[in-house]
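Down below are the structures I want you to see.
Common to both upcoming complexes is chain A, partnered first by chain B, then by chain C.
This part shows the complex of A and B:
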């Protein structure tokens, strides 16, 4: 799937990102500083891994609206394990990721098994997991502190926390999974025409369950990243995160109709959204302005992508 | 199932609409676990209508009220209601209407919006229900306009925030730059806390170099704090309108390697900030005794219902909680 078109798409997104960086560089006094970019790097991992999972789901023609709530639930479980049960991180982190995987498995089994549209199943899980997050945390923010903060501390030489290379590894792995494996080809085929795949004698259910399981597990990974950065588990975390992830995926060139997309593109989409957020905050923009600009940029980025695609199609 | 992108958009739109209209309000049964029986004049039924029970502050408030009712079960019945979404005013209006339909004697309400719930409360009052306003004060101008009489029992958020701001100012000198991380801009208590922080900053000659809304959320406040720290390298303090946002700001200050150089203040005194108060990363917070707030409102309602007291507003205490670094 990584061909010339894909590369030009990624190049286009990098240009959009550079334009945004240049604009904020002009407008804000200290935007073009090392601090801005290390902060940005620290913020990217959580959304990047969630967007990676979302990309695979969307390519398969589905959608996962539960990611934000699942992330909050996993964070709450992580917080509880460390603060109340005194588990070591080496046990608590896998537990958080397993919790996400369990939520994802539920999404997948309900979607594939009962043939309910994933939109509705994951909308249901969005509510259920938010409720569970409040229930397990007693609606309380759990402060973890020193136990988990090392994960978010900048690494020597790299200058960014360990979460950044970890997230990059996830993104690259997901991209390889999508473009180089049988599983990835199944996802694309299911997203293009599920009935045709089924008529060809391939059981689509396994791939569908797996893709939701991955998305859930990655929401768990994101929870670990987010909790590490904040030193606390917030049961309200990730509200509306599904929309940010979908926006990043769409900006990254993945079609909401399924059948085509790229994880690297989604990472660039995340970069665009996070940079926009950081820049607007550095400018001290008012809340109404932030929302209007962010919405406008999402539409503009997708529109520009559509235009570029049409132009290159005309040229061929 | 294959759908075109526009098909998805229609579904999203439709679900957003349906979700917005049909969210079932949460309702908790009375302490005895059964739906309350038809009203008996001897034992008034008091409805506590709050914002989100998922919010720690209101959760504490509800627990306090339930404990109070359990201890004084002979005196009144309690119906506790919370919303699903903190900012969804229409849901709270529905709750008010349901409580009137259930013929409660009094509604003790923490309004989701200081103006938008007033017409519904006015209808409740016209139906003979006593209205007691706790936590967030209803807008006096709109109260006058509609002719609704509602006793207010609650903390002075502006005063509380001013105390926090003053504690920060004591550590700084005139001309120092500070940033405000505000709550949801439409919320009255958020506005009051901003005003209180401004009062303190102005009195001490501090310069507010930036102010943005963290929407009461840790993650959003963290992003804003990180950006503000970068943009204003000489910043001396970040004043937050609640503790969740203060936790986010503390994490940003630590990440920027500026612990001790940039002070952080909060509001609410939740358990999660206790370790930060102890190690000095959070300078101060403010306790408005949420667990007592609903109880005070209920007591006021009962006193008025029993004609022991004439309706009068009451301010509940707000106390500064100083961390290790402030002492």
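This part shows the complex of A and C:
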């Protein structure tokens, strides 16, 4: 739900992001440059759409650990369809997204039908889909080349590739879905108290299956973005991506306990994480240091959020 | 069993304090406490509790009783005012600090861990140990002694707490409180979930503590408890202390007027009740541990009460009719329609059944969500078009519910967690009334609800059946059944043992509920057997 609290949360995140940008601007000579901007614009879309799906799942009280592997699988399917079967992109892209949707549906049916916690179901699917992506691709990177790259080339007037507006569209749509539709309300309600929702006569299973299906499909969309950027499908793509997405979601103010959250917040979370990584890379920070700083920022963000919540709880 | 104080008997209770040798010292003095969130909750409240007295605090839900108790118990802090303990200002910033000062609070929401054993729960903060290992033998013997003190000497101390009923859990919580150094005991609606027998045990314990000069601050909604335990009664209304009476013999009308701050809504007395066509038909239902199948019917315009002891199967029956739990056999139908798919609350709601669950916090409400979200949860299809929420219609519905049911809240965007129990229950009731359901299943609809809100809920239920609805209402309070029901079915051991229509006396109903339990002795469950011994 978009209200004053939510807007102030988003405002706070924007300030944090601007502070990070300013800091790196001071520290690194070339940080405030077109090159950084382009790097960010290339990397953001995939993580942003995955975080959007993850937000919906987390708001409903679940979690989807399989997104990284599902993305790799979808990429592999895309690569296979284009390179081996010689499908046109217009057919191969929908196939990749459908593959993600199928994986998501599996997650949803197992979680809602067998009442297994989504943590375990999606942990299982994480392994299964990674295996499938190796099987589909023959454990090789599939080169697609020029066919798909235009998607990742900067658009004439915007200066960013088409994937950026596409990702924004996904984020905005997901936010509207969450705050303006009955489905979104059901997700929030289920994340708050599934039992009470069931006893109010609502089919909780349908909403749960749908949200996992969406998350899977969005992993498929992310796969298309990622493949477009590299011009190839890597079966190892997206390793650890689920953790980056969860971090972005949490930094964005969504509670891991479910029942409250926003997709726009998650987008800002993605922005913060990606900017941080880009900035540290420019400073020449080593990989170990990059990871430690990122980890520290995640903890700091969540701690600050918890503190703010407690203060506001004291007030009302 | 011998040591148990199951005979509360005619122990002398000192109401006036005059017979005591000299005035007793105050264990706590509250002076001019104020507290405000967005609105003032407490304004300049002063009261004291003397050693050895039971100071009863009454008031409508939302009057500030629990907040006051929480401030004294160290769970909350006041904006202004002070608390004196032995004439020295008390500063307790946590429950633990208050406890170290001899102030023990038994919370309304039980603070126990279901997966641990009863014994572990009792001594969680001071487990006896040697070399870091828990000394189970000492633990269990200490636990047995603590439980005997509250009359639970039949209870196996290694039982996981989660297996206990809510009444027994409450006694365990009290037993835990009694194990601590205790000069002031704060009990917040301790009898709300207790059976008749458990209440007797609690009262006996209270009297023993009084004899030990423990001061007791006792919050309750039950007027009938006053003559039995109160040394003094204070009434809070809208955060102010509006009246104080010595002794417990205060006219009920007067207290209710004090609490309501004016007028009280009364349920229209049973006027000409024309039983209409059969609305709810239940045929041969059985499920869970029940062996026998149950059938019943409720007609339009009728409120049927379900009486019985704790554990008699009232809740299970309602839940199985609603489909909250799976049932093994039987059919449920509304107004002669097709049988409703078992085990599906959704099918029940679609057929026009609504339920006010016994545990509204766990089964009925989305606590962190707003009044609006809670009120419209079951009717979103009406407040949306093609899946898009219609905010205006949703808001109008929520505001309508708040007005019609007199829900006291700071607006429909306030989280229901912040509402008092009575107002929370009104939100759940309003949800179903707004959903246009024709049959309401109510499980203890006014447990933990103050007198004024209770009257509102009863009046709404009567109005609901007057408009052609049907209500099946389970309650442990005979006065409630008498106030609203057209007939009463008595349950024991999971079956119906008696039915009363028209005039009935408390004794008849109680006798019916207990007779069955007596005859079931030996064969029945331990719990019922214990109940029957009373």
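Keep in mind that, in the parts below, the second predicted complex is superposed on the first by the 308 of 316 C-alpha atoms of A that agree within 3 Å, B and C clash if a C-alpha of one lies under 4 Å from a C-alpha of the other, contacts with A are read in each partner's own complex, and residues count from 1 in each chain.
Criterion: a residue touches a chain if its C-beta (ideal position, glycine included) is under 8 Å from a C-beta of that chain, and two chains touch if they have at least 3 such contacts.
If you're wondering where the values come from, they're calculated on a predicted model, not measured in any experiment.
Steric overlap between chain B and chain C is absent once the structures are superposed on chain A; the two fit side by side. Of the two partner chains placed around the shared chain by superposition, chain B and chain C are both touched by A:193. In the superposition on chain A, contact is made by A:33 with chain B only, not with chain C.
Shared-chain residue A:236: touches chain B; no touch with chain C.
In the superposition on chain A, A:267 contacts neither chain B nor chain C.
In the superposition on chain A, A:126 makes contact with neither chain B nor chain C. Once chain A of one complex is fitted onto chain A of the other, the partner contacts of A:207 are absent, as it touches neither chain B nor chain C. Of the two partner chains placed by the overlay, neither chain B nor chain C lies in contact with A:298.
Between chain B and chain C, more residues of chain A are touched by B. Per the superposed model, the minimal spacing between any CA atom of chain B and any CA atom of chain C is 11 Å.
Comparing the two interfaces of chain A, the one with chain B and the one with chain C have residues 193 in common. Note for the complex: chain B touches chain A at residues 1-5, 8, 11, 15, 53-56, 59, 185, 210-213, 215, 217-219, 222-224, 226-233, 243-244, 247-248, 250-252, 254-256, 270-276. Chain contact summary for the complex, chain A toward chain B: residues 28-31, 33, 35-36, 39, 42-43, 61, 63, 117, 119, 123, 130, 134, 138-143, 145, 149, 152, 193-194, 226, 229-232, 234-239, 255-258, 277-279, 281-287. Those residues of chain C lying in contact with chain A across their complex are 37-38, 322, 324, 345-346, 348-350, 355, 357, 362-369, 373, 377-378, 380-381, 384, 387-389, 413, 418, 431.
Within the complex formed with chain C, the residues of chain A that make contact are 3, 180-186, 188-189, 192-193, 195-203, 259-260, 315-316.
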